[in-house]
């Protein structure tokens, strides 16, 4: 049985992340989505919220489990008996960082394989940061996140309205 | 009549930004330079200063107007009746981010075109960040910004002297 | 009045080329599609065929004219009074070559502007070479070229059946 | 049961190709190495030789089968019941072409997944072309190909001695 | 006599940095390692610690001197009579930033040459940030830094245990 | 004494090549320009012509010698006692190929260092191929090659007038 770990911050998961998780679930026997337990000040949603939102969005995919983790990704992979780490590569901008991470992880645990899916074209410009920025500026995120996550994002920003930490890229 | 929006932070405008605005003004009927109204803590110059400095530097280009905006770039484009968003591509380092932004903007407003000018070679290593860093370290910025902006930068840093937030790239 | 030149080999034009020509026609007053008169041994379709196929595919776009040319692109641009050269940038693989060409052309004729459109996502993996290879291997090119060009390609390959010069990238 | 196709020209297979095939065999139930049946004039080894050399080099990996194919890669994938196409990504130079191929293949057969392994660092500068060039120039290819392939290469070049078609990159 | 400056933050020096410094020392008559005097809040080790750690790690390389500096790199280069600035390029991710810095430095001081070494393959995924992150997460950094620096890192993190500023890339 | 080898095809040398050779001559004690002895059918100028043209263009740089070579670059480097191979990196398009070549050469001869100069901005779009194409199409190459080489190019093309092998990039 092959278990694959799909690690990330998922703050929140986008349709691109859901696409990768679903496609990986069609290939491997079991997928563990690992939500990195980042300090609250660096993320919009708490670790528990990010786990719950991704799990809810994946509803209907039986062989996927969503869990939080802290520490090194390779250590978490071992603890869930994953032989493979799965990552998505977008047509733009991901390759070098993913290559660096893959080489580093393989140096730390040579038997742990890193495999990349090519992100579907229609999600190639998507990222959690961009989705958050669009919501914060009052734009539409239809088709960029699942319905439950769109709802959670809008509620979160309604509460944060005073927050002004807008990422730079969209208007730079 | 074709109106083009040239959006950015312009903190402050460099000779590369002036070059793009001037060249765009030779092609399109009207150019609106859109200065993004970023929170003061993230920029060196206030929104008003950035608008005034760019406008002054453009002195003599009749069909260019400089305005500030907040919210999504595509919404501002619509409000000024721009059919085109103009961006500059430097020989190094801009392509992927610009492609991502262009694809996102076209998804949000398909009728809004994004067009890129290739930045002139002599400005291909220039950025607002680099100019600010050089000034902060006492270096010469001759030929990197217009005279009014060079003067404004030196005054600003004289007042900020105690500031120590030096970007990493020049000395990394 | 702004005239833009859209130069290329167009052997044959793909939906990506049609997309750029049509979008450019919505921005500029007049578009001249310039079909480079390459030696017959290097192309599948003759210069006349390439002009006719692109023109037929553009049927319905009044301000676009398709012409062949030889010599330097900048000289042809001058001869049709184009102020702008238009090029498409795909999310993958075009940037560096286009930047090099743009810088070179601007060095030869500084007043001639080069502007790039971002190719639509759904065409970002398309090229004339790939379309020819798929047809030669018996695959479907639905949605990759216009109907008249699909028909011409199939006829051409029926005649060439013995040709075996298959580009390397699809099966490499 | 998951079957993965690893397609290529393999003219001849390098240690990098062997590495990918072996690692894929540890993850998937069955691997079919598909050797593209390219015209003899474009390759150094015949299709039969390339199949035999790769198969011999893989000696000891029970769930890998080496076969030749012609036509589209996606059609061959279907004929061997592969759900996955496997490719290797080197730290340098492969990403864009692989992304283009992956997007194209997924458009033609959406249910066919393309997954990439990151090539091991020690093979990241290796390619079939480079190995052939080094042998043709009398250099050592120790550690770049398996022993049987090193032997076959030396014999082939002894026969071809008069051949002078030396790829440009090593000495450019 | 040719003196080369090797500038950086070196917070702390990795085996990749040591590799470049040692190789440069084999080519040039004298190497000055310039440790940038960054504000304490932006670095893990103080300027004095970074100088001492690199110098100790270089023990045995007679023509290398480690010094701290503030201000522009080009001004420091002049003050130590360096004709050359040396930089390392990793197979992944460094090129564009280094090119920008090189062009900028040459514009400021045309007579000052910038030369790049290709980082050895086995260090191509290494950076000071990654090393700090691995230590902070309890992972092994064997072979990534010299012994004295490994020891200093562990001691530093033992004291900082409560620190939670974990870079994003390893677990993103 | 440090001797550096600057290898290439130089068919013919451009101002970019001259720039690198001259700058290298200011850093190292001796420069050997190595002109690769490619088969006549692949080059415009014979090996002897390429050596003579580069040597003439370098007139006045005492510590540079121009020689032809065949076989592996690393073997030629050894035969002229070079400790360093010098290469130029243009802002666009050279990095990956140069990195691959450097890693390969260092694997073959670990003690042989490969160092890169950043090509001056004004030559960043130049290549031998582009210069030949412009001449063949009747364009001006002022400032792209030295006077003796411009003269040789024009004479060569006057004789070849019937030649139609025009590289694809300028008009693609």
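Read from first to last, the chains carry the letters A, B, C, D, E and F; within each, the first residue is number 1.
Methods note: a residue touches a chain if its C-beta (ideal position, glycine included) is under 8 Å from a C-beta of that chain, and two chains touch if they have at least 3 such contacts.
Since we're looking at a predicted model, the values are computed, not measured.
Contacts with chain B and chain F are shared by C, E. Counted as hops between touching chains, the shortest connection from chain D to chain F is 1.
Centre to centre, using the average C-alpha position, chain B and chain E are separated by 32 Å.
Listed for chain B are residues 91-92, 99, 103, 121, 124-125, each touching two or more other chains.
Taken pair by pair, the chains that touch are A-B, A-C, A-D, A-E, B-C, B-E, B-F, C-D, C-F, D-E, D-F, E-F.
Chain A contributes residues 92-93, 124-125, 130, 134, 137-140, 164, 166, 168-172 to its touches with chain B in the complex. Within the complex formed with chain B, the chain E residues making contact are 7-9, 36, 38-39, 42, 71-75, 96-97, 99-101, 103-104, 107-108. By the touch rule above, chain E contacts chain F in their complex via residues 2, 23, 26-28, 83-84, 89, 91, 95, 98-99, 102-103, 106, 113-118, 120-121.
Within the complex formed with chain B, the residues of chain F that make contact are 91-92, 121-122, 124-125.
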